[in-house]
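Lettered A, B, C and D in written order, each chain numbered from 1.
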Amino acid sequence: MIIVMSPGATEQHIDGVVKKIKEYGCEANISRGVERTIIGAIGDERAIDQELIDALPGVEQSMHVVKPYKIVAREWHKENTIVDIKGVPLGGNTVQVIAGPCSVETQQQMDDSAKYVKEAGCRLMRGGAFKPRTSPYSFQGKGVEGLEMFRKAADAKGLPIVTELMDVRMLDTFMEWDVDVIQIGTRNMQNFDLLKEVGRVKKPVILKRGMSATISEWLMAAEYIAAAGNHNIIFCERGIRTFETYYRNVLDVTAIPVLKKETHLPVIVDPSHAGGKAWMVPALSRAAVAAGADGLLIEMHPTPCEAWCDADQALTPGELKTLMAELGGIAKILGRDI
Amino acid sequence: MIIVMSPGATEQHIDGVVKKIKEYGCEANISRGVERTIIGAIGDERAIDQELIDALPGVEQSMHVVKPYKIVAREWHKENTIVDIKGVPLGGNTVQVIAGPCSVETQQQMDDSAKYVKEAGCRLMRGGAFKPRTSPYSFQGKGVEGLEMFRKAADAKGLPIVTELMDVRMLDTFMEWDVDVIQIGTRNMQNFDLLKEVGRVKKPVILKRGMSATISEWLMAAEYIAAAGNHNIIFCERGIRTFETYYRNVLDVTAIPVLKKETHLPVIVDPSHAGGKAWMVPALSRAAVAAGADGLLIEMHPTPCEAWCDADQALTPGELKTLMAELGGIAKILGRDI
Amino acid sequence: MIIVMSPGATEQHIDGVVKKIKEYGCEANISRGVERTIIGAIGDERAIDQELIDALPGVEQSMHVVKPYKIVAREWHKENTIVDIKGVPLGGNTVQVIAGPCSVETQQQMDDSAKYVKEAGCRLMRGGAFKPRTSPYSFQGKGVEGLEMFRKAADAKGLPIVTELMDVRMLDTFMEWDVDVIQIGTRNMQNFDLLKEVGRVKKPVILKRGMSATISEWLMAAEYIAAAGNHNIIFCERGIRTFETYYRNVLDVTAIPVLKKETHLPVIVDPSHAGGKAWMVPALSRAAVAAGADGLLIEMHPTPCEAWCDADQALTPGELKTLMAELGGIAKILGRDI
Amino acid sequence: MIIVMSPGATEQHIDGVVKKIKEYGCEANISRGVERTIIGAIGDERAIDQELIDALPGVEQSMHVVKPYKIVAREWHKENTIVDIKGVPLGGNTVQVIAGPCSVETQQQMDDSAKYVKEAGCRLMRGGAFKPRTSPYSFQGKGVEGLEMFRKAADAKGLPIVTELMDVRMLDTFMEWDVDVIQIGTRNMQNFDLLKEVGRVKKPVILKRGMSATISEWLMAAEYIAAAGNHNIIFCERGIRTFETYYRNVLDVTAIPVLKKETHLPVIVDPSHAGGKAWMVPALSRAAVAAGADGLLIEMHPTPCEAWCDADQALTPGELKTLMAELGGIAKILGRDI
């Protein structure tokens, strides 16, 4: 860590900083310039709490030299991690498309969905039994009954299932129903107690980016899961909040190459929630795969106009099939398959 | 609700919308214009899920005519709600300043803090026993031991306590220690299961604004608590995330008059987390009171440079005292006291 | 336009709104609901200034039913417009890549650049003679001398040139040097006097999106150029400003399908300024073409490390060549060529 | 400047950085750590172009130690600058309120406005003759005829005038009409040619913050004016663009203490454009003065409902008078007057 002292810093201020650095087990290196004095902390600077340094009298600014994340960082783990989901590899050469309805509604709807997902060539299925809704008066999901319907429909087609966990008290139930991939939603990216708990199980976790989370905060949220013992983490970019009102969120396509550089873990994209409209999904899906995403999380509904939730963003089974063909072509250009 | 059909909408599309509106128990009113047809939904439009309407073929855009929130809305409850915190009124004529350290560290630190908070003229005390930290490797709070220290220190001075609840499983413990005000932090504003649970107890709840939550989402989050039965809700503006990097967040002072217009519930401000630097706190505190805030949540530490967390933003006891005098003057201009 | 009156609106308030609507040459249609009265303005509502309606006593909110832009709107012009740049078509089936250095430095550098641009298979060349720089102490561009160098280098290879106009007083000089495409930079997207002037010439104009401009504002900025007589407009998405600090801007890939839906004019993307780092450019370029962009504006420098400006984001000639091959593959998947 | 090399940086990379630093006339200081090598540039680092350093092979990140702005920086000019506007001091102990209509409409409207501005106790008057409008079809201002009306009305009451300059070609006309304060609008904050030109005259300049400009970019824009010779610069915070849609912009009240710390120049606030609604103006005005603003720029119209532009945000003469009394009280608490 490098600490820049303000022009008026005294010898006493400098001594205070040096003392603090030593408390963290680091050594201090002092350079006195014409305008400012600069202090370098030598040693394991991850131990130093930056805000405690910034609070010391005479400190103007400071800068970490090493990244704050460790287990998830590519710096310490060069090869791509491939997460195994009941035999389906995510993060390797094959781009995986996870498709299914926004929410579980009926057994029939889930059976139909599973059939269409399979027919389109997808190997994983999504569906929400517990739904985070802005209004307490909106449909909140079918709950445990929904998990049961989902499990049954997916098993019939041999599809591992992906579903969202909102409440830490539901984790045991998720384990009982053998949910294959636990999804942590955008509103819970920094629900640290939830992160710690899913870190204690061995199930793969899809960690969606918080609506206004920085890349660094997102990596640190994953580090919570990893530090608790679970390294089967999949990042999912799903659009960020900006000033634009035409679409729900802005898909941050730049996050894909950046994450692939910073972490060894797989990166997927949810084009359905990003744009919020079904007609935007094909363009966003193609862009994500072209930018290097390892997978997609796409909403598809047997009859979108009758969906109980987010109807506006679901593809029809036919649209999904057409899209899969396009994505296959793009994957091939990049030396991958689908 | 008003639904604007696209220029190419057919009679069949219009019929589809009318049918859906009737399913929600509303009546439809059709106006055929030169360029577009417009459909009005008459009745309790809060029941209509806007995204399900937008998904129907031929729909271009729609607009809710009434606000989606009800219990928290001033439209249905004209007078200000005054929340009673063990005899201390919040939301009335007196501006309440809640002061104390960011986190509970030691019994001595809490005893000293309580003394200074009292001496400065504040009637409520804050302090964190469970801390949401970006890094899993940072100090996570003293936990239950911290609640005990806090309770003891505050009781000695007769100060009701405010502390953050992060994990729904800790609610019983909070009730055992008789926490006077439960704080829901910015990262949990849309942790809906947590909101529902604090809605089931009768303790006052401070609901901090999510880092990038809109006013409407924030009111709806409060509606979750209210719908579960707890109407003792206090909104706390704590800065929003923007592109600016000089300060941690941008205090959204406009939210104060806007909330006072939209809701009958009290509105307070946290100037410490907003700016992130102690030297910004006096100016932001004065601005908040001048804009009509019902209270403030200010960090004060007996010895800021030795704080274990957010040291950079805590006032000294002396600075708090000076600030209280200034705030008293501003409150008086607005016909209030402190 | 639809106007929703507040619950407390009186007959006098309603009369006031009706009177104003009639002043704009529209008719008023009044619907009295249980909670609120709604007024529809029938006729050419583009003439109505929304803020003047919102200011009337008793008005709660209003909504335009038709879009405010006309000449640039696809609603009134269904087929794609193909802009002809000295025989090079932009907006048709061929994806056009405009490459070249950030700024003109020397004749040698421009001659080399032109050679590499041509060799990579690009048909248009970019280069800045006038540079908008954050600091007054940074290199401000070679000016008119730069235009001369650029013209000479590009002519030798038969490449039409694209360069930025910052100052309205320089337009005549641009015409003298026969600049083929005038670029309006992000900081000038709402420099309305500049827009009006480039609207008076017939040269194609690349209109970059303002750093925090909405889609609607951007379309309206283009409408300024179109309304002045010049319909040869090319939109260029170049990243928007958000809270993220890892990269300079966030490339808004969703803007591509959205603009293609809203306007008949061509849409290109500048991946170099968006990310701000050369290593991000290939992924962003592929994403843009996959999402349907009609072209790209890419920085390439013969020797990036010696560039005088934005060195960090320029591709080498070899990287550009490799990228062109990948882009060709993606274009083919979409039924286009490059 | 401090440069952090990436873990894989070679001796050749380090030599390349050292060579570049020396080209800028600085000396290099190399510290080799366990994980990374750090290079310090000693000397006048303002001369170093950060992006050119970041582009060098092996460089991971860099940090400026000194601020990039000089003439406007308080570091080099400790006392507050008081700008003299025809005898009215701005930036001293007296808070100045500049009031008047959004746009010049008629002689009668301006005469009435001047009377009310004077009666309310304001010493400076605002009004727009050239209006930046999102739509080319909206009223664009009365132009030179408006300047004439404004000058006449204000002179009759002895009020110096403030009006916006959009087009560099109009500067001579502004000088002819002896405009007392030239306002640079938010859309032109980085119209560098315009900044350079107003830097060549001696008239005070109000520099509004760009809609999404950082504090640092804003200070650098002022540095353009200062570097050209004009040091009579007044910063005007007018709200920034965020994700919130309830109000037009978010007034960034934190910018006030921050600017007062970073620059010696006066800082004023425009509460009218920030919120966009007249009912928000009193709260925002009080907040601004309480936070330490040196003045306000407030819209007032003799009959707001009949205004031709931004009618929704203008105070009535009576509201302005009431507000002035409140502001006087707050100023007094801070040891100032109005």
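Here is the rule we use: a residue touches a chain if its C-beta (ideal position, glycine included) is under 8 Å from a C-beta of that chain, and two chains touch if they have at least 3 such contacts.
Please read these numbers as outputs of a predicted model, since none were measured by experiment.
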For this session: Could you let me know which interface, A-D or B-D, is made of more C-beta pairs in contact?
Result: B-D
Exercise. Most remote chain relative to chain C, going by C-alpha centroids?
Worked result: B
Exercise. Quick one: chain A and chain B, Cα centre-to-centre, how many Å?
Worked result: 26
Exercise. Rounded to the nearest whole Å, what is the centre-to-centre distance of chain A and chain D, using the mean of the C-alpha atoms as each centre?
Worked result: 39
Seminar exercise, completed: The distance between the C-alpha centres of chain B and chain D, rounded to whole Å, is 31
For this session: Specify, in ascending order, the residues of chain D that touch 2 or more different other chains.
Result: 212, 241-243, 245
For this session: Mind listing the chain B positions that touch chain A in their complex?
Result: 16, 46-47, 49, 51-52, 54-57, 68, 132-139, 166-169, 187-188, 190-193, 196, 211-212, 217, 220, 223-224, 227-228, 241, 278, 304-305, 307-314
Exercise. If you look only at chain D, which of its residues touch chain B in the complex?
Worked result: 212, 214-216, 240, 242-247, 250-254, 256-258, 261, 274-275, 279-280, 283-284, 286-292, 326, 329-330, 333-334
For this session: Provide the residue numbers of chain B that touch chain C in the complex, in ascending order.
Result: 2, 4, 7, 29, 31, 33-36, 38, 40, 42, 61, 63, 65-66, 75, 212, 241-243, 245
